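Okay, so here's the structure we're looking at.
The letters A, B, C and D name the chains in turn, as written, and every chain counts its residues from 1.
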Amino acid sequence: MIALTVILLKPVLQINDMVDLLEYEGKQIFQKYQVPVTEFKVIRSESDIPDFSERMVIKAQVPVGGRGKRGGVVPVNSKQEALIAMDKIRKIDFDGHRSEVFLLEKAYSERRELYLSVTLDRSKELPVILASAEGGMDINSVPAEKIYRHHIVPYVSVPEYVKRELGEFLGLKDRQIYEVVDALYSIYDQMDASLVEINPLAVTDGGLTALDSKITVEDDALFRHQEIEPRYFGLEPVEIEARKKGLSFVRLEGDIGIIANGAGLNMATIDMISLRGGRPANFFDLGGTDDPAKVIEALKLESKIVSKVLFINIFGGVTRCDTVATGIVQAVKELKPDFKIVVRLRGANEEQGRHILQENGIESLLNLDQAIDRVVKLAGE
Amino acid sequence: MAIIIDEKNIPVIVQGITGHQGSFHAQQMKLFGTNIVGGVTPGKKGTQSAGVPVFDSVKEAVENTGARASVIFVPAPYAPDAVIEAIDSGIKLIVIITEHIPFHDMVKMKLYAQLKGSRLIGPNGPGMASVGLAKLGIMPNSIFRQGSVGVVSRSGTLTYEIVNTISESGFGETTVIGIGGDQVVGTKMQDAVQLFEKDSETKAIVMVGEIGGTAEEETAEIIKNSVSKPVVGFIAGRYAPPGKRMGHAGAIITGNKGTAESKIRALNEAGIRVASTPTEIPEILKQLIR
Amino acid sequence: MIALTVILLKPVLQINDMVDLLEYEGKQIFQKYQVPVTEFKVIRSESDIPDFSERMVIKAQVPVGGRGKRGGVVPVNSKQEALIAMDKIRKIDFDGHRSEVFLLEKAYSERRELYLSVTLDRSKELPVILASAEGGMDINSVPAEKIYRHHIVPYVSVPEYVKRELGEFLGLKDRQIYEVVDALYSIYDQMDASLVEINPLAVTDGGLTALDSKITVEDDALFRHQEIEPRYFGLEPVEIEARKKGLSFVRLEGDIGIIANGAGLNMATIDMISLRGGRPANFFDLGGTDDPAKVIEALKLESKIVSKVLFINIFGGVTRCDTVATGIVQAVKELKPDFKIVVRLRGANEEQGRHILQENGIESLLNLDQAIDRVVKLAGE
Amino acid sequence: MAIIIDEKNIPVIVQGITGHQGSFHAQQMKLFGTNIVGGVTPGKKGTQSAGVPVFDSVKEAVENTGARASVIFVPAPYAPDAVIEAIDSGIKLIVIITEHIPFHDMVKMKLYAQLKGSRLIGPNGPGMASVGLAKLGIMPNSIFRQGSVGVVSRSGTLTYEIVNTISESGFGETTVIGIGGDQVVGTKMQDAVQLFEKDSETKAIVMVGEIGGTAEEETAEIIKNSVSKPVVGFIAGRYAPPGKRMGHAGAIITGNKGTAESKIRALNEAGIRVASTPTEIPEILKQLIR
């Protein structure tokens, strides 16, 4: 069913991002949906560590795979050992992420490790269950014939025959897997997830146990999940600043700043500059706007990363060229940028826009190819 | 004939017509020549917007105006309900402009539309226009010129840029469809291409893709097997970094999947010429159309 | 979603009956689904009545409408009055039902009474919501234009726009009706109901309140609802006996007993006998069987109601004629019935069957018209 | 051509083939001439039943046999899952013999079948047969005779009685469909009548109804408006009391709805002759077919 209960919207910044939950957050959701997990404790500071003498494991909480290989998962036998392990883990760089929170759980001994997930298949436009007896590794490296796949039609959920086939494929006699599959799909559906993954799903003497969790939620659906905070993992400060303002901004490695309206036009602009030897500094979708203030905001952000040239490429429609021109003029007056600005205006009110710019001494062109040439030339000077 | 919209006076309503976007674009659509017959905003019955009557429900609007198509400007949390209401009221063509609709809702809506025999276009796209007939969406009226090229695109402003180029070159368009930038879309690129193949007025097809997903690869496969008309491709995002969403929810390279290289390769293997800039598109069209 | 969790089946007798829940049972379900009801107490015996001094109502618990008009709903002001009222109600015949259980609830004062239900529309093969501002009366007597109807596609449940339309139709400003509608559909769906009705649904100063409940569940779905006992309201003892044995039996008013295999053939047989002036005593579907014992069971049951003639009409398919003949012969030997038996056999193994009967001196025919003539003639003698 | 089954060798599987009913009727269907290619019973893979291989799943059966139709003998609590499995495996014709399936499941199953483009027949019916081609169900083989009458019925044995009469009278049948006695059925009486109208071999239609619901009234309406072939009706339950289920879940008069009188009246108003006994049916056919 399509859940459409009306909710009071909190201002969630929607910039089409993914929210990757940390292992412990995912496991808390698993517990709620009765997916069996090993007993665990979330460690935020030293004082959270209990005294213990049995064999435990301390795990970095970062939203990236391969933690074990990089020293992020350490077996410990006492509080003292745990403290030492945490100190070590804190120093590890996991693809730009640092572990600020830790998970302490009982050491497990499994007989074998399985893989189980539910994710969106973009091609079929349906969720798909993936299962494999080859757990514990990246599913992309498992050969296709070792993966059980079933596309789920949400209206009939996971049919019984699918659970039977899947259980047989994994060599499981017990019906516990039926419950785990149902729970996983329920999480996918009810949490608006794009991925719910258990890897590995351990077969232990006590039954199935999720040894890790990966849950990804799209931010478009966060208005239904007030409990999930948007997060800024692995982002540069300027990207975080943009997100907080609800701006769609991606930092690239070059020096030519780009503002364009529309994602496709942005990408095409980046491509054209790159093809002619320029190096774009960013992707920045101005979106549809009729407020010059948004243009000023955009220029302020660009001024933090641009050194030589900023290219503003607008194809007017919803966003009118004169509005953009007005914003640019105000921003230049306010910011007095030390980089050059090339503006290209087409579409709605292009003449008025160019006139406003011309009056204020800002360069503008109509033709995209010429504008790109000019930008690349200025950057090379 | 053009595709999907293939008659001059199809009666169209606008859901969310009293909003800022809804009323502005209802007016623009009328200027294009679209037969906008009414709008829907619950609680606003009896008022007027963009010069047409506003109704409380789609059912009322259909009963009073005979509407057969709808354009949806309703905000994301309420848009799926608006779409279901349109489907239940017998609307067979529904263009969803709204962005940020959770893809979970879209998966379910699309199945429901399929069950009831309605076509969805979008969400998160500029809608569509059949030049000389009607526009359902937000594309600027000025970019079009009646002609022989069918355009399907995942983008908004980039589509305007390209359509403008095609118009200025003298070719002009039959129908332009912006399928939307989301992961799950009502009408897919391959659907549009197959419809263009069958349309007698369309002489050539331009498909504008971007990184993320495999829609372009699948469309290329279909073109290879069952499309006889010349096709020109364009793929945005050749220089996009992996793992980052480039504005659109669907525009992301995950692992090594969804790259521009993969798409361009697939298009080339299907015998499709791929332009590297928008301005190259009419040049290629000139070579292909005789 | 189609619920297909595997359950241990308890032997539910499925004879395509409806289970009408009593008002208090329905209200208990309403409470579970948060449909507001007036505070109530179930009274099974005198000792269940509390002392009270406020204005209360005592209500007969019988699965029929129009209780109020027949004296089944009595306002009371004390325990003493309640006891007197119960005694009076116990003596009332409600279309063959007697009230054994009572419901005691606070007297209510409503501003207006609405009607709301979810039921199966057989024609459209979809559930339908019916709502009317004309509550408190039989919905069949409400003119069509005063009823709001919406067919529900189970996959999308009750859309928000439908709740909005329905609320407006009923003249309700508050969103409480949205929750009531959702709850009613959930009950319909999750309880496998064929009808969930609130009539009347009162608009009181405190909001909406269900003053009555009607929930009907088909017995085919009882395997999913172990908490619901099959019941035998309004049935004659012989019908109850048949149901307990899982036999599909309906008592009619005549004197000619009928056994036939198949519901349609049974009805056609009844029709043909009636058209020729005979008076059938019952409907009795033998169903498909390959066990003579089932035939004996059937004859035993018939012997309780038949006075002159029993007609056994079999078109063999799954059920073979020789099996039926063997059963008849055994039953006649065992029961020594004092009524006449006419058997008509066609289809699978008809010759063997007729031979077995002939050997044992039991009359049999091939032609249905001739058999009917013979039966009616014997009954008239 | 006959309807629904219109080819001689359509490959058919039996779900629940290792059960008592499943194996018996698989055998009987083979004797009729049906191309039974396999059966499905989870856990029984590799065995044989009724002389055909048994598979664990419909998918396996389809992959190994190319089956395109299925007959379902699975008990009621598991039958909906068996139907979904068949639909998901691409089976386009599914005959459900099982009785006592909750109508809630049937409503959802039917929508799912509609979404995926599969036809359901039943449940709680005898299935169907196209004489000379194939039988999918439990009707006795002996009653049929190839001919020109299309029969659709809500009953089981009453259908056998009537088909037998039609065969003995010399007319014979094209296709016989038992749609099932439940409230919600996969293929409705009106669907079958419309298919018979289009079938060139069918010269006359016999519709066998019974009390309960409004299927006969709706079918009469359709016959009045769009059926040119002669139709003979029969309605069982003229003397059935109100409020009692006459064996079938669907056979109940509620209030004053679903009576035989109402149905006979509707049929007569649509110009349909209604027989009062099975033996009258061929007599009326003689008058109608020239």
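The working rule: a residue touches a chain if its C-beta (ideal position, glycine included) is under 8 Å from a C-beta of that chain, and two chains touch if they have at least 3 such contacts.
Here the structure is a predicted model, which is why all the values come from computation and not from measurement.
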Along the shortest chain of touching chains, how many steps lie between subunit B and subunit D?
1
Count the C-beta contact pairs for C-D and for A-D, then tell me which is higher.
C-D
So what's the Cα centroid distance for subunit C and subunit D, whole Å?
26
Let me have the rounded angstrom distance from the C-alpha centre of subunit A over to the C-alpha centre of subunit C, please.
56
Return the distance between the CA-based centres of subunit B and subunit C, expressed in whole Å.
53
Touching two or more other chains - residues of subunit B:
78, 81, 84, 108, 111, 115
Which residue numbers or ranges of subunit A touch two or more of the other chains?
1-2, 4, 6, 153, 155-156, 159-160
How about subunit D: which of its residues touch subunit B in the complex?
111, 114-115
State the interface residues of subunit A toward subunit B in the complex, per the touch definition above.
1-2, 4, 6-7, 9, 14-18, 120, 122-123, 125-127, 140, 153-155, 189, 192, 194, 218, 220-221, 223-224, 248, 250, 252, 260-268, 270-272, 274-275, 280, 283, 285, 315-318, 346-348, 368-369
Sites on subunit B touched by subunit A in the complex:
21, 76-78, 80-81, 84, 100-105, 107-111, 126, 138-140, 142-143, 153-161, 164, 181, 183-184, 208, 210-215, 218, 234, 236-241, 244-251, 255, 260, 276-279
Quick check: in the complex, which residue numbers of subunit B touch subunit C?
42, 56-59, 78, 81-82, 84-85, 88, 108, 111-112, 115
Which residues of subunit A touch subunit D in their complex?
153, 155-156, 159-161, 164-165, 168
